[in-house]
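What follows is one structure encoded as structure tokens, with my remarks underneath.
Just so it is clear, A, B, C and D label the chains in written order, and each chain counts residues from 1 on its own.
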Amino acid sequence: MNIAFLGLGNMGLPMARNLHNAGHRVTVWNRTLSKAEELRADGVSVAGTIADAVRGAEVVLSMLADDHAVSAAALRAGGIAENLAANAIHVSCSTISVALSQQLASEHTKRGQRYVSAPVFGRPEAAAAAKLFVAAAGDGADLERCKPVFDAIGQRMFVIGAKPELANVMKLCGNFLILTTIESLGESIALARKYGIDAHEFVDFLTNTLFGAPVFKNYGAIIADERYHPAGFKMRLGLKDVRLALAAAEAVDVALPAASVVRDHILTALARGMEDLDWSATAKLAAENAGLK
Amino acid sequence: MNIAFLGLGNMGLPMARNLHNAGHRVTVWNRTLSKAEELRADGVSVAGTIADAVRGAEVVLSMLADDHAVSAAALRAGGIAENLAANAIHVSCSTISVALSQQLASEHTKRGQRYVSAPVFGRPEAAAAAKLFVAAAGDGADLERCKPVFDAIGQRMFVIGAKPELANVMKLCGNFLILTTIESLGESIALARKYGIDAHEFVDFLTNTLFGAPVFKNYGAIIADERYHPAGFKMRLGLKDVRLALAAAEAVDVALPAASVVRDHILTALARGMEDLDWSATAKLAAENAGLK
Amino acid sequence: MNIAFLGLGNMGLPMARNLHNAGHRVTVWNRTLSKAEELRADGVSVAGTIADAVRGAEVVLSMLADDHAVSAAALRAGGIAENLAANAIHVSCSTISVALSQQLASEHTKRGQRYVSAPVFGRPEAAAAAKLFVAAAGDGADLERCKPVFDAIGQRMFVIGAKPELANVMKLCGNFLILTTIESLGESIALARKYGIDAHEFVDFLTNTLFGAPVFKNYGAIIADERYHPAGFKMRLGLKDVRLALAAAEAVDVALPAASVVRDHILTALARGMEDLDWSATAKLAAENAGLK
Amino acid sequence: MNIAFLGLGNMGLPMARNLHNAGHRVTVWNRTLSKAEELRADGVSVAGTIADAVRGAEVVLSMLADDHAVSAAALRAGGIAENLAANAIHVSCSTISVALSQQLASEHTKRGQRYVSAPVFGRPEAAAAAKLFVAAAGDGADLERCKPVFDAIGQRMFVIGAKPELANVMKLCGNFLILTTIESLGESIALARKYGIDAHEFVDFLTNTLFGAPVFKNYGAIIADERYHPAGFKMRLGLKDVRLALAAAEAVDVALPAASVVRDHILTALARGMEDLDWSATAKLAAENAGLK
């Protein structure tokens, strides 16, 4: 397939490479072109503008930082909507707001274009290994057409529903659950440590009994090791994610009290100088709040 | 070994039977004797009083409802402390407060008796299958002596530390994590449903990606099915557990904001008539609070 | 003075009338002109467009619903910024975001115009009686020029600082304190009622001892009377206000845990059908959550 | 009247003196007798035991530190219940749990004695000036008999109901409202300061507009001055009070989310070394959490 790939960050770069390796004709674009050089060396086409990348593509994947970046790339003059062929598909993989996803659906539909929302779960290592989980939503036929794309970047695709924004709701709920798990781990490890239980033994017990899921293993290890730097995912990105979850919930009059607790703690962590730490450093805040060193 | 087993509830009965089946000489006691009859038929000795059960035992296991019951059985006239032989071991498996566990340690030590704290994780089915997880804390030699006991009732024993109350801290932290997981699942499933995502598909996605642990699978299924009745574990037991966790934390000046949220929701669930439902029905409260029927 | 007044809602109409009564030459504008008719009868000039109202004015007061309305009136083509004379003052009395207030300051300054932020405290009765409290911020000389305006609409003006947005911060903090007071009253009255204390006697005790301020008296009476309808201030306006407070705090990395609690309860109240009730009906939610009918 | 007064702390000492000054025959008792010496010099009788103080008294007032002290003084051998004459009245002024108040009512009734619950509002200066507010509950005739007592110690007595424990509920609700007011002031002052608003001007605005009650004035001044030491009321007493409020609410299945927030912050303040500060130093915690020095 002719694929355009927009956004070559920690996640986008390995995703684009995997699409190329799977035999697709991939043209990439990135705001700073230098990032594209290593892909060019592999034989990937590099476009100087979004328009050049998008024209002629059957599928355009966007993997950008936030609402601002996606909105600019998709809806401004010279952007995706202006250049995408009728019936071609824009697959949005970024973590964006439900509201923007709804707007993209409407704008593309208006132009006879297709829109699929397909945010991904996994950290950069998973992206490199083509082991991402894809939460996809959109028209059934469109999802079918995108299957080779999803096969090339992920280990499994889940259909969340026919309305594209549902995949974004799913993504935000997933991140909400990661953040609340970090919060609960942080609080309980602080309590256990204060009594004198070793953090590693605590996590070992949990993850070998009822809590043997990656989310407990990964973050339990980071918290027990106090390995918050360098950040895999910076604190301010946690704020962004919890803000998006709260906004999605507010739009349908739903309270998320556990998210409010997380949000308050992320803001406090930021105010107390943890900006450069991993978002799981809310556990460091919990430890400090417990009076631990 | 000569073992006394006190408390034949949903958990205690299968635990006592497994000890008998493993070849130990078991004498049981229960507040209402009728519960002991089916064990008597299997050849287990039944004692009419705690004193009769405890005298001559090398190890006494207690598996009772709460602090009140354990304190009465252990410390009142005619109780364990009064009748336990020097150097024999009281193994407390109940979910009790850290404070009571500390008191038991002190009372038994004063009398030249041994005390091991060994709360268990698992529901009645796991107890029947001898698949409990045992979180044990106490003197190393005592734990060694108890090994055959733990082997007979559980699939694995974890040593939490030398101070017996640490096992109770671990147990309360584990229950705290179960309750916060239920809370987060309840909130996020309510949000997803409000947008139109099917609850079963939501849980299916989660438990096949980052959240593939028993705690997410079991409670995700209950919440998606809205299967809160009959209760596996009643709402008021959830209140007891979160109260114990908060008390253990308060004793060492530690705040547990996530536990406060859970506690508030359990109280609200009780006030709004969910007393007979499973403790995971805080998810039903979350759905009602989201305006879902 | 030549004064333009934009926005003739429950608050704006009496404020405009008081300016006219104080002897100023007032020209009013409102999105729906019918609201202006009773002022026209009193001899107030009515403009058909913002431009007509603003041209020639020394001071323009805006008292509009929200950020959206203020931004449209001030910054769009044909709006205040385009038509305000150099050195004339835009006095923004609306409850708007700190971010918009900063933007207005910057846009007016750019054009050689003056900007004063002056949100007001008080309900419509206070506006009618010229008893509003004005929280004003801006350049000292500008505030001096506005003094006759503030004298005509309020009982007292407080200078909050030289940066206009500080008055908005003050306003949002004031509304935050009203909302948290309502929350605390609601929770405590529910508790007292559950024990059998009469709500009126409860409020009587409080407001005659340590809590004798208007905020306790007004809302204590509403809650004790369960007088939530007709709404003086609808629930969704409470959501707007708490959202603005949280956003202002988030912009400077400050958590407001008490505001998070209020926000969660307002959303729950909305989801459970209290949209048309007064914002103090979070106390009705507290009562329902306590199991009171 | 013949009055026994038990407990000569910061509050009890001036209360006992005011009863003496009002012409009553007062016999005092205190755990450490030295405190009684200055009263003895004024002609007050000093008893060496509770029994000596209580025998012959028509009314016994107790003003002691907590549940533990009141329970010991009232219910142990040699205590109030054992020595109080039939039909004489025990007036409990201490801040105690609703549960203990219920127990006292039951124990005194069983012995043909009378019990009135009459916790007081006010700090030591108010006690010295006989300006306390008394929240009294009990049998109407008993309250009538106690009127001269209340007149001598307070500026006004409020009848809360016929069941004595209702006065304790009222007291705990009052303290809850003080604590939530401190919390809200602390959060909003931290926010205002972060934007650059002067804390004193902030408080000045509030207390001259909608928030002109003693609770806002007193604590607003303390927080603006950062005058947390010496403590008028130490942090751990705040923890006691919020714990009593939460326990009273839990006993009737009522959640108090605002109290949960306060409790979490008091625990964090204690863990972070604020044990010797005034309970309003949760505002110092709010400032630190906002990144203010």
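The rule is simple: contacts are C-beta pairs under 8 Å (C-beta built on N, C-alpha and C of every residue); 3 or more make two chains touch, one makes a residue touch a chain.
Every value quoted in this text rests on a predicted model; they were computed, and no experiment measured them.
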| item | value |
| --- | --- |
| Taking each chain's C-alpha mean as its centre, the one farthest from chain D | A |
| Result of counting contacting C-beta pairs for C-D and A-D, higher pair | C-D |
| Whole-Å gap between the CA centroids of chain A and chain D | 53 |
| Interchain centroid distance [CA atoms averaged], chain A/chain C, Å | 39 |
| Length of the line joining the C-alpha centres of chain C and chain D, rounded to whole Å | 38 |
| Touching two or more other chains - residues of chain A | 249, 253-257, 261, 265, 268, 270-271, 289-291 |
| Chain D residues touching chain C - in the complex, by the definition given at the top | 98, 121, 133, 135, 156, 158, 160-161, 163, 165-166, 169-170, 173-174, 176-178, 180-181, 183-185, 187-188, 190-192, 194-198, 201-202, 204-206, 208-216, 245, 248-249, 252-259, 261, 265, 289-291 |
| Chain C contact footprint on chain A (complex, rising order) | 239, 243, 249-250, 253-257, 260-261, 263-265, 267-268, 270-271 |
| For the chain B and chain C complex, residues of the former touching the latter | 268, 270-273, 288-291 |
